[in-house]
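These are the structures in question, set out in turn.
Shared between the two complexes below is chain A, which pairs with chain B and chain C, respectively.
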Partner chain A sequence: MRLIKNKIKRKKDGRMPVSVKISIIVLAVIITASLISPLIARHDPTKVDLLNKFQPCCGEYWFGTDDYGRCTFCKVLYAIRTSLGIALLTEGLSVVIGTLIGIFSAYIGGKVDYVINLICEALLSFPSLILTMVIVAFLGASTQNIIIAMLMSNWIWYARIARGMALSLKERKYVQAAEISGGKAHTIVFRHITPGVVTQMIAQFTLAIGNTILGLAGFSFLGIGVQRPIPELGVMISDACGLISTNFMVFFWPSIVLFIIVLGFNIIGDYINSFFQKTE
Partner chain B sequence: MDIILDVSDLNLKVHYDDKEFNIITDASISLKKGEVAGIIGESGCGKSVFWKSILGMLDESKWTIEGRVSFDGNEINYTDESALRSIRGKDISVILQDPMSSFDPIFTIEDHFRETAAAHAIMSKDEVRKRALELLTRLYIDEPENVLSMYPFQCSGGMLQRIMIAIAMMFNPRLLIADEPTTSVDMTIQQEILSMLKELNTDSKTGILFVSHDLKAVESIAHNIYVMYAGYIVESLPASMLSKEGALHPYTIGLLGSRPDFTKNRLVTIEGSPIRPDERKGGCPFFKRCERKNPDCQNYDMHLTEVLPGHTVRCFLYGGR
Partner chain C sequence: MKKYIIKQLIMIIPTLLIVTLISFLLIRLLPSDAVDTFLTAHHLKRTDDNIALVKNQLGLDKPLPLQYLIWLKNALVFDFGKSYTSTQTVSEMIGPAFISTLQLALFSMIWIVGLTLLLGLLSAKKPGSAGDHFVRFFSMFGTAVPSFVLGYFLIRIFAVQLKILPVSGKSSLLNFLMPSFCLALLHVVYFIKMIRNGMIEQRQSPYVLYAKVRGVPEKRIFNTHVLKNSLLPVVNTLGISIGRLIAGTVIVENVFAWPGLGRLITRAILSRDYPVIQGYILLIALVFCLTNILSDIFSAIIDPRIRLGEKK
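This part shows the complex of A and B:
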């Protein structure tokens, strides 16, 4: 943990590209807004008001209203909350599960390692999107099931990277030195192997999170992710698809917000990753 | 004087590609309390795996270990992992050859002390600190308080080597294994470290197993010297006998000849390099490089001949039948 703190400290000393700064600010604003959305939103995002449908952008409805008269701004706010929340939850769980399994597999070695590696290979031989869709097809489409499905196809990547890192760290002199001085296996794993793996996992996480957000929106767009009436960016885009030619703005707002979020995360992820690679 | 480490007939084999190679054959060593035993030999002669097998550090899926190791009169049971763990770092400590990479770069020196302490005893932070300061002062480290809060990369190689000795001395081990402690540090630090080890040996009666390929270092510190070649202890003799007149085995004499001194201009070299385990056929492994070879050496069974009390040799010239 101290290593990460040091790295962040040193990162602050170095010059940060403007694009990263802008991304951080924009994302901070978007995330804060979505977190406090109940305070900002003046309308219930699910409340149908047919008298006010297709309102243009105005003081009352900042992003206008959709075909049922629901406030697009409020819907987008709540949708960001769902999208980001689910994406971060699945990706976070994937990191934790993947890292634990990877380190465990590398440290135990032998047959356990072989079996875990075999499972990873088997799961990796499917394209991960197809794998997710197959799992949802089996479980049925719901918010809970899309989390499970994405989790099941995401942890493998982390497990493999963690295993590789742990294998190389295991051979380091200081790990041997710790064994010689009588350290117990779990202390050695947590003190000397995990910190090295975790830094790599953070880099990987920041790169993958944009993809996961996009993936979730994609699944919701196809109707196998988050279900209506829960506001979600993919669902909103899907609903507005038929209105592109008549009421473009209804389609525009969720799309542009999704675009900005994914772009922001990718820029930050790239920066953090290059940063970690520099210090390796 | 009682014997603290007694290794008898240690055989070590490694499995590779479904084949078995002898890495160490019939190695016996006994170390009395307060004594220093030196093991010398070229790189790849099995010095490091020898001490690793004593501590049970080798992966059992790849290595077969036969033989008996007694520590302090009790035979070490290699199947009992937790008992082994309580010996490592407490009763038997190790100083590794490369101090720069033997410390975890993300922890301070104090953390390293604390980790070893936590593995063997329940000690408060203050107790560990006090003990660490005491040890560091004893090993002549300036401003030990500052050193404790430093990270390994802030220390020099010599400092780290001394810190490693300090950590190894944490619980006053009865046996200290020093694996080439002088190879990666410069001349002046080498002398310092050797004199420190000597001091520890005389003051605390710590037995030391000094593994090195530096003949001069071993000679200056050890009481008994074991010369290792291709997994055999080819000659064992008291340090006082280690001279061209006293030593018998051609390999030992070759090593002695390759040592610089002020009398001659050219150094004698032993041609070639140590035989690889997969090239070994039988007979004396030193045969190809030996200056005094004899056709019968190829059939020699490498048995041990006691020339004088405390001086044994494995060579056809002295024990051939």
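This part shows the complex of A and C:
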């Protein structure tokens, strides 16, 4: 943790680009709004009201209403909650699992390391989209299964990076000194190796989170991700895509929100990563 | 090099065997039953007679290892059995779909090569110029826009409002334009980044400095030295990206109703059509193995520094 703090401290010296500042503000607003959505939303996002269908944007319905008279603004708010929640959950768990497996694999070494490395190499030769889809194909399409599938295909990437980092840290003098002076295995792993790996993993995490949100929305769009009636951006876009020639706005709002969220995360991720590269 | 290629080709066999074995075992071990899927798909009642009949028809009454061997023997002649949900055989469904997807992927390659060269040069010729900024903006946009959103926006603009491009189907070359662009965008962004980083790196290398000292004009250094060397990694990865394009068509095909592999596999997953899923996995694994070898060979031909089969 001290390493991260130092890096953030040093970061303050350089000026932050305007695009990063804007992204942070926009994302903060969007996330806060979605977190307190029950307070902001004036309508039930699942309530069907056929009398008010295809309302234009107005004071009552900020983003208008869809083909069932549901308030698009309220639906988008709840959808952001699901999309971001699931994406952060799966990506966060993937980082933790991947880092742990990677570090232990590198520290134990020998045959265990060889087998784990072989599995990672084999799985990484397929794009993660295909891997996730195949896992969903076997488990069946449901909200719970898409989380499991994304978890199963995402941890590999982190495990490989963590393993590489841990392998190089293991050869450092201070780790060897700790070993010679009789440090216990778990002390060495957690106190000497993990902190060095964690900073790199956080950088990778910020780069990947935008992609995970996109991936989840993509799977939901195909119908193999989050299932109706849970509001989710991919599901909303998939519902509205039949309306693009008649009522484009119903399609427009969830799409543009998804785009802005991913763009924001990508810009912040790029910035954090460029910064990590500079210091190394 | 010949030795290396033959060795790689032989290595495909165990890889495919492992892939098929895992996919076969997973299907048999999972709770959702193939018999149930078949019965619901064909609107049959769940009686003991019907279950026995279906089991016999699908060959599920034999012991597991024997089932696998039979499946493998049939797979050797591209017979993956019958689909659970339609009357066609799996190869009849996968064959034409694969060709459609391959056409789409190859058409995307045109976009990729064209746009990458155009934008990559625009950005790398003068880092920090207006062109460079435009390309960086384009890259940021390209990585953040979901391909399905882009697809529908394109349909809205070009098919609904301007009415110059057809929405879906696959009747003329115009049909290829929008889906292949959506498919290509992410790869273009990736390659542009590669060219840009490569050029910045090459510019700082000693041979460029030497050429400058010798008095070679800036333009010639760029065209003969920097450009060629920074294009090398792109050419090397281009081969692998064919495999990725074929596998990555899933979303784009669903947006544009393209009769390809991606739409086939989505429908198969939703209806739990396991023979189709198995055939698809085998095909994709084969495509990946082959494109990897092809790109190895290709990069060895282009870059004489790469010697295939020699230990590093």
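FYI, the second predicted complex is superposed on the first by the 280 of 280 C-alpha atoms of A that agree within 3 Å, B and C clash if a C-alpha of one lies under 4 Å from a C-alpha of the other, contacts with A are read in each partner's own complex, and residues count from 1 in each chain.
What we mean here is this: a contact is a pair of C-beta atoms (placed from the backbone, for glycine too) under 8 Å apart; a residue touches a chain by one contact, two chains touch by 3 or more.
This is a predicted model, so every value here is computed, not measured.
Participant: Should chain B and chain C be called a clash or a fit once both complexes are overlaid on chain A?
Facilitator: fit
Participant: Looking at the overlay, does A:Ile224 come into contact with chain B only (first), chain C only (second), both, or neither?
Facilitator: second
Participant: Taking the superposition as given, does A:Phe248 touch the first partner, chain B, the second, chain C, both, or neither?
Facilitator: In the superposed model, A:Phe248 contacts chain C only, not chain B.
Participant: Can A:Gly110 be said to touch chain B (first), chain C (second), both, or neither?
Facilitator: After superposition on chain A, A:Gly110 lies in contact with chain B alone.
Participant: Of the two partner chains, chain B (first) and chain C (second), which one does A:Arg172 touch, if any: first, second, both, or neither?
Facilitator: First partner only.
Participant: If you stack the two complexes on chain A, which partner ends up touching A:Ile180: first (chain B), second (chain C), both, or neither?
Facilitator: Touch partner of A:Ile180: chain B, not chain C.
Participant: In the superposed arrangement, does A:Met133 touch chain B (first), chain C (second), both or neither?
Facilitator: Second partner only, chain C.
Participant: With both structures superposed, pick whichever of chain B and chain C touches the larger number of chain A residues.
Facilitator: For chain A, the partner with the higher number of touched residues is C.
Participant: Output check: A:Pro195 vs chain B and chain C. Expected answer is one of first, second, both, neither. What do you get?
Facilitator: first
Participant: Quick one: smallest Cα-Cα gap between chain B and chain C in the superposed arrangement, Å?
Facilitator: Minimum C-alpha separation, chain B to chain C: 14 Å.
Participant: Would you mind writing out the residues of chain C in touch with chain A in their complex?
Facilitator: Residues 15, 18, 23, 26-27, 30, 32, 140-141, 143-149, 152-153, 155-156, 160, 244, 247-248, 250-251, 254-255, 265-266, 268-270, 272, 277, 281, 284-285, 288, 292.
Participant: Over in the complex, which chain B residues touch chain A? Could you list them?
Facilitator: Interface residues on chain B, with respect to chain A: 55, 57, 61, 85-90, 93-94, 96, 98, 101-107, 115-116, 118-120, 167-168.
Participant: Chain B touches which residues of chain A in the complex?
Facilitator: The touching residues are 2-3, 110, 172-184, 187, 191-192, 195.
Participant: What residues of chain A sit close enough to touch chain C in their complex?
Facilitator: Listed in rising order, the residues are 122, 125-127, 129-130, 133-134, 136-141, 210, 214, 217-218, 221-224, 237-238, 241, 244-245, 248, 251, 255, 258-259, 262-263, 266-267.
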